[in-house]
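Just so it is clear, A, B, C, D and E label the chains in written order, and each chain counts residues from 1 on its own.
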Amino acid sequence: MTEKRNIAIIGAGIAGQEAASVLAGLGYKVTLLEKQERMGGMLNKWSKLFPDFSSSQQILDTVQVSANKNLSVICNADISSITKENGRFELSDNSSLKVYADLVLLATGYNLFDATLKEEYGYGVFENVITSVDFEKVHKSGKKLTTLLGKEPRRVAIIHCVGSRDAKSGNTYCSKVCCITGVKQAIEVTRMWPDCEVFNFYMDLRLYGSKYDSLYLEAQKHHKVQFIRGRLSEISERQDKGLQLKAEDTLQGRPLRMNADIVILLVGMEACEQNADLCRNNTLDLDENRFFKSKNIHYARNISTQPGIFMAGSCICPMSVNETLESSRSAAFLVDKSFRSVQVEE
Amino acid sequence: MRTLMQRLGEDVRLKEGLHACMSCGICTAVCPAAEYFEYDPRSIVVTVQSGNEAKIRKLIESDTIWMCGQCMSCKPRCPRNNCPGLIISVLRRVSQETGAFVKSRLGRQQYLILKTIGTNILETGYCVFPASVVPETHPEQGDVWRWIYQNKEAVYERVGANLDKEGPGAMRKIDRENLNELERIFAESGGNSFFSTIVKFSRAYAKESGFTDADGEPDMEKYTDFLLNEDNDEK
Amino acid sequence: MSQFDFLKPKSRQIEFEQFDDRILTFVLERERSFLTCISCGGCTATCSAGNLTSFNIRKIGLSLRRGSINDLSDEIQKCMFCGKCTLVCPRDINIRNVVLLIKKRIAQLESEKTL
Amino acid sequence: MENIISIPFLVGMAYLFIVLIFRCIKWIAGLSKFDKIRLLKSITGRRLFQSIKETFMEALLHRKIFRKNPVLGYMHMSLAFGWFLLIVVGHLETMMAEHSMFVPFHKAVFFRYYESSGDFYLSGFFAFFMDLLLLFVLSGLMFAIVKRFRKKLFGLRRTTRLKSGDKIALTSLWLIFPLRLLAESTSAAVYHNGGFLTSGVGFVIDFIGNPAILYYPLWVAYSLSLGFFFAALPNSRYMHIPTEVVFIFMRNAGIRLKKQNDSYTDVQVFSCSRCGICLDKCQLSVAGIDDSQSVYLLKNIRNKNLSDEKLFNCQMCGRCQIDCPVGIETIELRTVQRIESTRDYNSSYDYLIQEIATKADVVYFAGCMTHLTPRVISSMKKIFATVGEGVWFMDEVKAPCCGRPLMLAGQYEAARKLIENNSRMILDSGAHTLVVSCPICYKVFKEDYKLPDVEVVFHAQYIDALIASGRLMVDAIGLRMVYHDPCELGRGMGMYEAPRRLLGRMGEVVHMKDEKEYAYCCGGSLGNIKITEDERKLLRNQALVAYESYSPDVLVTACPKCKKTFAAGRKMKVLDVVEVVAGAILAEKPQKVENPLAEQDVDALAFAPDMTCNL
Amino acid sequence: MMKNSQVTVTKEIADDNYFYLRSCIRQNFFPGAEKVFLDILKNKLGKNIIDNANHISCTGIGYHSDIVPYETYQAMVARQFALMTEQGLKNAAVSCITSYGGYNEVMKTWKEFPEEEAKARKNLKNATGRRFEIPENISHSCDIIYKFRHDIAELAQYKLINKQTGKPLRIVDHIGCHYAKIFPEKGIGGAEQNTVLSAIVEAWGGQSVDYPERRHCCGFGFRHYLVKNNRSYSISNSKKKFESMEPYCPDMIITNCPGCNMFLDKWQYALAKIEGKTYSGDKNGIPVLSYEELAGLVLGYNPWDIGLQMHQVDVEPLLKKMRFDYNPDEKYLDAGGKFMGQPEFTGCLP
């Protein structure tokens, strides 16, 4: 019986790290590959988490993998190809890096929607239009959100579904976390500026998680956040660099025009562009949203269409932090299970 | 007897214009007509999407479908790649084919448009031409236009147009041969029968509403006069 | 300029910059539960007056929150105060009080001739 | 010189009389022409004796308070009746001493000051009896002082807060009798003329000081305390003492509250003694609402600072009215204030169009609230079908509200429009009976609709009559039931027995401590416009906890609003009386008796609108 | 801040051999604009462009005011293509925005529903015996000016500079809705940040000024303008645009669409009559020029040769700012140099 116990995990965000810890703990040889200089992935960009406003750093610290004889971490490794030869996977980046493994766990995560593609919202054109990630950056810095001219905003509009549920952006799926992020950020804005009016423009409010709806209630009750059902049509800049918004108040059936000092676009989650590269030399498939396709979305969500390749976290579909961690633990379990069944067969 | 929904579905533009609407309202947000009328393209799309015959019947008999300005501003914004403006075109077509248009004030105006634009097209080959923009009915065209209108020959000649003359150039006379071709295209492709459908229903409505001459036949001059003065309720 | 009588430039857009908050503030100061309305329409669906007329209590609340109060005074009169709306509201909003406050405020504004 | 000491008393007294006369004239002048005639007739006729008797029983003996709480009753009685007797007997004594039928008022009051000989017929008896009366009053005063600091001993949890006018009056009132005792005692020490009490106290004074020096100042102090009290009285809550007499006379004359304020409102307002009994009856206090109760309503009307927040924050359940010792119509009075407050914004309901009535013998009006409890409707339909009654279900599809919720909100004029509309429809139907299943509707149909030849019956009454006449047969289902009296039906309309009798035919109705007129409000009342839902829940739970302690199988009520409110509490199964009946109907052929609880699970637990039942 | 013109352009524009398709409205109200366009292409840029006498209105106004059914419209478009095919040309240069949108719409329908194309071919064949090939390239005439904007700039005698201040002229643009809203990929810069006119303006030295309602419709609305009682819609929309551009103090409005050019010109006059105000800070109003007319000015054409006397809002204030060399006395002279009378009133307010 040969020992087949090498696992390569692509992506050292929270999904990759969590799975790595679990698998290394079970005694497997784990190689954790990260394309960035440091681990942590997208969560590094976040300041506070919904629905409890806990610090994202706390999660990062908790999942942080430590050096271990079973675990090696390689940063700056942008894996662009996976091939299978003689029952072993060869992973390589564009340079000379080659990693061999018996099993591969994809934890490549997601990309943020490029808001400049929604030209009518003027991101990258009007300075007072920012994305939810830009807001997190401001929040993380401990500074207060101000207009371009450094003034206190008197009205902030938060736009839901930017790059999600939008055929025009090519993403017809729901990114799932933006609605609750919008509610969270609305509260954060009013905490920074208690006199600031905050308006959320939404199509449907999809606050599906535990305790999410109470955050919604809190936003209305204690922070006077207002919700307008209608998709934002366009943003134009006024002479004073303020912004003019147009939407329909669909509940009234009337068009609506509003001025705002700052607009926050809740950018959705997209599949990574590199996903297609990873599919090239094997039978990995992507689903219609360009995320990795599961063998079965109910009972084999972590199992890809290529035997021996597993998936964890938001490379499968948009996920929140807690779902990501659960997903990676379940992936680790399936990886472990597959090793055991291989041994039994042999 | 085809249902209204079937009639709508026969037009390719409905397939182009309607996929599945999620009522986000972006079309109404950008719609210039929604800003000035009690009008909401979103709810029109929802009605068509519902497939409810009674509601669609009510819709094509209403003023609502005639409020769209056909600017198509809705098209580039829809997150589901719909085009409410096209759906409206289809509704208007069915409204005219079935005679529903005479039930609403704005719908009845199709007769006026037919009398002006339709006649212009068939008789001159232009949708508009200088003699048709009469200053009395177009006060907004201003004094400069009045001067142009009164001095057509000289002014158009001065700026290099070929008003009412043979050969190429702006405002040239469209010769008989080309007009015949135009007529044949209209006859062949259903344009003429569409024109006569509008006239037929308008005449019936005129008669029904008591605009008749001594013989009890519809008096379309009286009817035209009525349409021109049929006023906007909102005023 | 009678020759231009046929032209009446106008708009029905909700202009947030012309927000008339005189009724909204009055109501919110006295009935804070109104803050939490989510426009679900349950009130309108059950409404006794709405069963008889086009009265739409949800839209009334919404007009208030959009600061468009011009047509409110006639509409609000239609409410029969039966309280079904309050009984079905998922957010426990005291709608009867909201209606009473709106009526009161409108009466005040009308007596000041500022509506 | 002698007479100077009576000056403070006389001045106070004169002021009081002038104010009282002025007030009485104003009140009577403020009455409508018909009410004036009524009042005149009543004081010239036999009613006069009734009024005098009632004045004696209530204003002096405080019979109602006695019934409620003997200690509190004694306190009030000793002060009022004791003082009254002191004045009357003192006057007799003076007449006896002066041998004259006409003695000046102050002579009687300061008799011991003037009278030094003590040598007249029955003087010994009078001295003894007057001392006894003084002791009687002082005992009451002692209770009053104890009550101020230990209210629980008197069965009161809370008493009203005092304002400055009240404090002056109260202080002087408290001082009157001890000062009288001391003054008379010094007189007794100086002149040896007192009874057992005054001479005893006089002996003590003599022992520890010099009565001859204290004599004059004490009598002056006594006179001053009387003067202060009388002067402060019209601006204090003690105004209730004279006003109550006027109130009793007017009430007995048949004068009633109108739909607007008039002097009868004023009389009722001034009749409130702020005893605080209503505070304890009011359930709002469990929700921490303690500024809108009846006593504060009356006070605020009097002080003209009644806010909408207080006016509309009341369940209108009527618990306070039951125990009011003065008999003030707190609920009606509040309704009048609501009418006054919202008079400027009544709706016209121009949109109402006359729906066509269906001809029928019986009209059923379910009411808005019942539409949210469809099981009540289906049960009613089942009963109508079983007895084969030709019924027109008037508001099945559309009909205006009955108007009662508008009345409760003070929108009287608006309610009239709905009433007119509904009345026309009912009369057009040619029905002889109108059945309603909602107490809210029942009250307004009974009181405000004019439906000649149409009998308005509550569903419990109607069904009970069906059973009594043999048209409907029900089986005993052996349930232990707690019956909750809906406010509008019980205290509102006085109907306590019909539902109990009906339920008694099918099972056991548990007797409870707080039932009938003392029943709790469910908390859901439409009468309160200001209360929050969370506060309502506290009220509801108070009732539910009480009912739970009897561990019934089911809580039965007769009001859809109560039903929904209790059901939302999710503590026990809640049914309307008609649902119990529908579950116990015997068809002609005896069949298995359904357990009405079996199918009620959903409804009993429902807290969102129950739309499960399609009729 | 990014310059308005800096958006990647993916649209292909043919560089020679055009078949010119005229516009009903442009011929009617601004015949000089079409004349100068042809002249610039032929004589200044040396291009081959055919002005065929047989082409008729595409009937787009009838189509969008719903009296011409789509089948008929398709056949009419097919006829234009047939004329072009017969001329041996594959590139259309379209003067009218409505036609431009219509041609693209028809082509899109034919692509998705080939049976519609077959029907159109059959109808055309039966009616006229003509056949056609689908054009390789359809460009609006503004696309062509856009393509050669730098060549024109090199030939230019004037720059879009306010010579009185030395600063660039402040120019707001109005893109006709049907140019890019129906098919954003067919318009330079797409539907949202359309750059076809701003790039032209900037290439010729002017400053393109953004304003909030830049993308709003002028308010033609077809049936809304055609029926007199409905015109409130039209003027309301234009008013909204004027109100939005007013704070930016533009020196002129450049338009893309013949209809818009006419409306923005005439509605300023009508609004002045109704409300007693203009949006230009003077009594004249904001001059409105089409891109052809502006190209003509830049290249030094005589303003009265290119028909600028046919505008209600006088263009002289603009000419003065540019220190344009023109003869005001020629404005109302006919082709033979004879005075042909003059309007009672020009501009907006007396």
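A few comments on the model shown:
Here is the rule we use: contacts are C-beta pairs under 8 Å (C-beta built on N, C-alpha and C of every residue); 3 or more make two chains touch, one makes a residue touch a chain.
All values reported here derive from a predicted model rather than from experimental measurement.
Taking A-B and B-E together, the pair of chains sharing more C-beta contacts is B-E. A separation of 38 Å divides the Cα centre of chain C from that of chain D. The geometric centre of chain B is 73 Å away from that of chain D, both derived from CA atoms. Averaged C-alpha coordinates put the centre of chain A at 41 Å from the centre of chain C. Counting partner chains per residue, chain A has residues 120, 229, 234, 249, 254-256 touching two or more of them. Chain E has residues 190-192, 215, 228-229, 231-232, 235-236, 240, 270 in contact with two or more other chains.
Under the contact rule defined at the top, the touching pairs of chains are A-B, A-C, A-E, B-C, B-E, C-D, C-E.
Against chain B, in their complex, chain C makes its touches with residues 3-4, 7-8, 10-13. Residues of chain B that touch chain E in their complex: 11-13, 15-16, 32-33, 35-37, 66, 68-73, 75-76, 83, 89, 92-93, 96, 106, 109-110, 112-114, 116-118, 121, 125-130, 133, 137-148, 150-151, 154-161, 163, 166-172, 174-175, 178-179, 181-182, 184-191, 194-195, 198, 228, 230-232. Against chain B, in their complex, chain A makes its touches with residues 120, 161, 165-169, 203-204, 229-234, 246-250, 253-256.
Across the complex, chain A is touched by residues 1-2, 190-193, 210-215, 247-248 of chain E.
Contact residues of chain E toward chain C in the complex are 228-229, 231-232, 235-236, 239-240, 270-271, 273-275.
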